[in-house]
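What follows are several structures.
Paired with subunit B in one complex and with subunit C in the other, subunit A is shared by the two complexes that follow.
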Partner chain A sequence: MFTRTDDKITTAQTVVIISCYMLGSGVLTLPRTLTERVKTADGWISLILGWLIIMLAGICIVKLCQQFPGKTIYQFVQEIVGSWIGSCLSMLMILYFVAISAFQIRVMAEVTMLYLLESTPIWAIVMSFMWIGLYLITSGINSIARLFEIILPITIIVLLICMFLSSKIFDINNVRPVLGEGLFPVIRGLKTTILVFLGYEIMIILPAFMQHPQKGVKALIIGTSIPLVLYLITFIMVVGALSVDGVVRSTWPTLDLMRSFEITGLLFERFEFFLLVIWIMQIFSTFTITFYAGSLGLAQLFQKNIQPIMYGLIPIIYIVALLPKNMNELFDFGDFVSSVSIYLFGLLPVLLLLITKIFKKGAVKEDG
Partner chain B sequence: MDSMKRYFLFALSILFVLCLTGCWGNREIEDLSVNVGLALDVGEESELEQELAKEGDSYPKKNLITATLQTVPVLKGKSEKQSGSSKSSPMYLNTEETGDSIFQLYRQFSLRRYRPIIGHHLKVIVISSELSRKMDLNKLLKFISRDNDIRPSCLILISKEKASEALISSQSGDIPSFHLRSMVENQFRNNKILAPMILTKLDGIMNSGSSFILQNLVSAKGEVEFAGAGVIKGKINKWIGTLNEHEVEGLNWIRGEIEGGVIKTYDKSGEVLAYEIKSAKTKIKTKVQGNDISFHVSIESDGRLIENWDTSQVPTDDKFLKEAEGYFEEELKEMLHKTIHKIQEVYHVDVGGFNNKLRIQHPKVWKKVKKEWDETFSQSDITYDVKLNITDYGSSTK
Partner chain C sequence: MWKTIVSYIPDGIVFVQALVILIVPIIIYFTSKWLQSALGTRPSEDTPTENKSEENTPENGKAETEATLSFTGKYEADLASIKKKIAKNCDVHFREFTMATGKKAAIIYVEGLYDKELIEVQVMKSLMFDDAEETEKPSDDTKKSSDDTKITKTYLMNKMLPISEIREALNLQELISDILVGSTAMLIDGIVEVLLLGSATGKTRSIEEPLSEGLLRGPRVGFTEILSDNTAVLRRHGKNESLEMIKFQVGTRAKKDLVVAYMNDIVNSELLEEVKRRIEAINMDYLPESGYVEQLIEDNTLSPFQQAQNTERPDRVINSLLEGRVAILLDGSPFALIVPVTFSMLLQSPEDYYERWIPGTLLRMLRFLATFFALFAPALYISFISYHPGLIPTKLVMSIIDARQGVPFPSLIEALIMETSIEILREAGVRLPKPIGPAMGIVGGLIIGDAAVNAGLVSPFLVIVVAVTAISSFAIPSYSAGITLRLLRFLAMFSAAVLGAYGTILFFLLLFSHLVKLKSFGVPYISPAVPYRLDDWKDFIFRLPFKVMKRRPLMMKTKDSDRKK
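Entry: the complex of A and B
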């Protein structure tokens, strides 16, 4: 394979980056967080609806970026709303990305300490993770994309195998009836599902790196459908096995599903470790891409070299990651950051797009 | 390259090898006590514990629970190994601890045995009916479901007598916990065994507040047998009584969990007739009329005439087969009648899975009645029809 020098990514790579970003800590808690709100087994309908909403928001972002070919949002937001507000918005987005990467790394550390490395100090887990992440992102978006291309197929295969094996304790009655209490519970679940689909917002920087930015929408649709399918399968299998009342009692329901059965005579008896391993890889991918998005933002905002910024962000992410004192604070922190994103990447792009269209800013006709 | 620099790098990389010491936190598996079974009884200090307490083993506690922790492997002396079967010693070690917090009981273990206990392989939890009559199961199992080592795949059983007796085996070489775990798999041979209740499922059921049944154990002379089921009333999560084997069989038919087994009855001259179940299917239809909720259970099964003691009758005769089917259907109906009577009139609990049927078929009605479901259920009408087909008579025609 030849090495690219221009640091561009193909459409397929864009798809992979979006999928890997979306598949983060959500898989482990999704069945619980969703069922807590929906209170029936209809959460999977909320998932599909949430995905549709996310798609709309994502398409807005892509359309916005297509007005400014070759530029990331950090570079063109000032053209739209002026340098002061623009810088503030960029700064907010950077903070958001830093917070998300810190959150992901902390969740990873918590679960690793609970199930895998009980007496390993948290700093050891977090730091080794961060340094490897740093090593990856210093080589730019292309290396990130190529690593994700390796991770994603493994994730899909292992997750599907794990879910398939759990069919032993699956009981279809637990996911019935469909829409037994009408549409209202489904609507209640929408907020949660929108939050698990966070990740589409990476499109604020990706079109600038794409070889064919005009295929942005296509990449977005495929990139978000992969997590949708995986989430749907996970949700149905977990609720089917644990039942609605059981799911809400479990901190990490997807892991509990894996811990609820053993398969004898298949070389391995327990499958939660496979799930944990691929899931750590997925958290790693979410962590690196948000880390990269954050440092890229800072570099472009202050027009400085990106490498020192990456090194500089390490201690900041570390401190933010260790700020929540316990699990409740951690989950609250995650909820807070995610709800910020609804405004930052749901409403803001629509506004920006409107301003661009009305005042005819940017290169209206892009040449592909 | 500058040779000094190379030497320096070489020395540095050797130095880094020291950091790769690997598993410094390792524990040899032979040096661990693997906890395979747990029995929970009403708190009563054993003689040994009382003596230890006299010697000064005491800490602030209420003697509510006696936990028997079964661990493997057992340390064996060399002489014992060589003497072979002349003096058989058990393969497991049962340690009794009395107190309240189950987690603390687990940790007390380390004061008596030097090999640290690990919970990854906990297979069964046996709870005595006496204890579950007094204490909420939710409280008893809280630690188990929260612990990160113990897997939620472990099995929950009820014991009529002392639970610790269920973890004793007279057969040498047998580990009672493994024994119990495997016995549940015999469902395809006998329809008096309930579908395994693992912690995951139990957690969901307890949270939903519905009543349920757990496989009951009886034990005598070191032998443990599955016998009937313990009925746990929802909301309070306490034991209220037992169902006998016959009723469990009936319940399995109602719940559609028959995987195999037998129906035995007597013909008019009192001779034995037996039917081997090949397949069984249960359908429950719910009907809601105003405030009245009624259920109709229809059962269909295919099977084989496997035993008839009245040799004057030959199964090649269609008339005899029809007659035999009639006897079996009569027997099954009788069984269903007794079972339904017991759960509706005696215990007033729905343990037959009717709540799920109503929830799925009439979700709006279910939402209204689920608070007081056990009471509503006791008043609802249950009708049933049974269709058994004898499809063959095995390898003997006469």
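Entry: the complex of A and C
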């Protein structure tokens, strides 16, 4: 075979993977979840603050990975804290990824059943989706990255067009006054925004595949900025158009925004279809990358071939996805998994990084 | 506590579904693996060795046969052994004559293939008449050789036969195979070697404009079935020492020449080695067309996409060679293959470069749009009509529903009726003789379409959709890529019929999942779209001015990346 040096993923591909992972279900629910907690229109400040916080956590993860070049966290965590605790931590992370992918699938199925396919059974929706995801991830991180590179530009363009069109019903008074009730509501929203920005944690495995791992931080910053900008625009447009009360009342505020105006004279009058298209694609990307991260973890933990593990994980993810009985339980499930991530990917990397620095573990000796 | 846990344990049916969800992909995996190994002629690492031995090491195998089959130098005996081998064929002729020196000689040729003028004017004339005066002079030379032979092989070749193409046959086997492809053999009493003169000059077609890739602007030259003509056309592109062509012989029973052409200071040497390796691994008794070669060297047999571009246009081949690609030409086929291929190449036409860059860019964008329509238009129709009529403007929906009032079928059946008939029409049109073709188009397209609408079989709106789809698929420059899209369109229609717009999105994801996995000779099929390489995008959807396109495609990893000095 015509061997190529670019079998590893480029920095641009890393950026795209991070962005695609972060742009998950949040696009549709973020305005509501954030406004519920903040109760004013200042959620966008929380977004920026939340982004800063996850940046710090992300940088910790990247720095940690750079101590062990070419290795994913599943491989080096045992070197840091010993094999027993290390295996447990790896297992937790794997469970986390499996749970996230199950959650995303379920959300996707619920929205699809609500807006696109009213009478189709959920298994039909989920199964076909999972099989295609499996087909993609069996060929590894390179194919995943290439597919994401196709999805992301489509997403950005369509989302921006949708938001631009909805500027017709945008009312600036809905997002004013800025900081009318002081800083406290903004702080309250921080937890939600941090959860929305989940996705940076994929950096625990990506640096091992990067062509230039030293550019990890740069990739992280750009990769998280793209969702930040998109989320900011979405949030401001949705709150500006629907007002704070309107947003809190609807389950999928962004879709409601799209349904609340019609543009005559164009081929299509309603644009929620396009939003759903890109949103399903984004869920697909989040699902595949978490599915991949989970199977990669299992493969490296037990030092087995990754292919059978991918096949084996499919029914598990399916069953987990069908566990929540209704939408409320589904969102509770999502909240729970997300809060776990704060400890798993916010505090743990800092701890591991400290241990590494203190005991001078890892391959990179900085001061000799 | 226990109760809540129990309440979350899903029904048995969920576990059954989970089992199904596991088993189906496993079955698909093993089936495809089995299919790959059963059908996949993809050259694996171990096959080439056995084949190579047939071709590259004739010394061992033929060493002992040579002894029995080599020529004795005795005219009668040699002629008899040749006759025994091939005299049965009605088109093989033996012409015996006496040379001016009195020696017996014979020429053996195949009717219709041999170079009649050359043999009659240059060979027989000089042997039968001019010989006498010449033989006296080179007495020094001849003394060294055996006494009774006055004329030796070297003397013949140097002094008596004023023709350029002359070589000697080493053994009977080689001689006979050469005679049968059109060389003329000459046997002279007293000379051990048998000479082969000239080469085949069968009836050939003149160079014409390529039928499958017509251009309004650009050279009106197409390849023909004669390999030497094709390589000559390539040579004529300009003074260029770096164009190299190496010859292979393919086919185990009927051997054919195959030429691999490349620019030696541009092409990536690993790519070249890989192409050579795969060609050497071809194991097939006969290759009638370059399509055989294409399918025998491709990466993925199960993919619907072609993994080598076929073209009749020499200008296209040269341009690809300059981009660092490799061309494969097979004797007897006017289609050259270009590898590696990317999907965007199939949507490009040389005209994009010959016209100015603004119209060129417009044409390219149109083709991408046409590809989208050709793939998804009927699928979108089905999903909107059957599942989401609320998404199209109300007035439009009213008129569509109005038009569909009398249609008794669901939209899938309706679309299938029309799509299938238009595909059949097209297939029939290809085979029909030229004068009837257009007539059939009118009967099939206009009359049947109109009648189907009037009879209430299909809605007029669908006829528009199908027509747009058909026209769009004609806009794709490569015929083979068009077939692929036609096939995929039906898959898109079925997925739309099962799961509506969601199914269409899934089909899109599946299609692109396949495309990102597919590689043609190690180059991702979907490049240059991904991975992002801004330099390569100058020649992708846009065709920027030549001043900007300074580099060869990065994806080809060429030795010399600059197009300018």
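Definition applied: the second predicted complex is superposed on the first by the 357 of 368 C-alpha atoms of A that agree within 3 Å, B and C clash if a C-alpha of one lies under 4 Å from a C-alpha of the other, contacts with A are read in each partner's own complex, and residues count from 1 in each chain.
By our rule, a residue touches a chain if its C-beta (ideal position, glycine included) is under 8 Å from a C-beta of that chain, and two chains touch if they have at least 3 such contacts.
Keep in mind the model is a prediction, meaning the values are calculated, not measured.
**Student:** For A:83, is the partner it touches subunit B (first), subunit C (second), both, or none of the two (neither)?
**Tutor:** A:83 sits against neither subunit B nor subunit C.
**Student:** Looking at A:12, would you say it contacts subunit B, subunit C, both, or neither? Reply first, second, both or neither.
**Tutor:** second
**Student:** Output check: A:339 vs subunit B and subunit C. Expected answer is one of first, second, both, neither. What do you get?
**Tutor:** neither
**Student:** Return first, second, both or neither, reflecting whether A:277 touches subunit B, subunit C, both chains, or no partner chain.
**Tutor:** Once the two structures are laid over each other on A, A:277 reaches subunit C alone.
**Student:** Contact-wise, after the overlay, does A:181 reach subunit B, subunit C, both or neither (first, second, both, neither)?
**Tutor:** Touch partner of A:181: subunit B, not subunit C.
**Student:** For A:167, using the defined touch cut-off, is the partner it touches subunit B, subunit C, both, or neither? Pick first, second, both or neither.
**Tutor:** neither
**Student:** If you stack the two complexes on chain A, which partner ends up touching A:147: first (subunit B), second (subunit C), both, or neither?
**Tutor:** second
**Student:** Among the partners subunit B and subunit C, which is in contact with a greater number of residues of subunit A?
**Tutor:** C
**Student:** By the touch definition above, which subunit A residues appear in both interfaces, subunit B in one complex and subunit C in the other?
**Tutor:** Touching subunit B and subunit C on subunit A: residues 270.
**Student:** For the complex, give me every residue of subunit A touching subunit C.
**Tutor:** Residues in contact with subunit C: 1-4, 6, 9-10, 12-13, 112, 116-117, 120, 123-132, 134-136, 139, 143, 145-147, 149-150, 264, 267-270, 272-273, 276-277, 280-281, 284, 311-312, 314-316, 318-319, 322-323, 325.
**Student:** Provide the residue numbers of subunit B that touch subunit A in the complex, in ascending order.
**Tutor:** For subunit B paired with subunit A, touching residues are 25, 145, 148, 151-153, 198-201, 203-205, 207-208, 356, 359-361, 363-364, 366-367.
**Student:** Where on subunit C is subunit A touching in the complex?
**Tutor:** On the subunit C side, the touching residues are 8, 10, 14-15, 17-22, 24-26, 29, 268, 270-271, 274, 340, 387-388, 390-394, 499-503, 505-506, 509-510, 512-514, 516-517, 521-524, 526, 529-532, 557.
**Student:** Which subunit A residues qualify as touching subunit B in the complex?
**Tutor:** 114-115, 118-119, 169, 173, 176-177, 180-181, 241-250, 256-257, 259-262, 270
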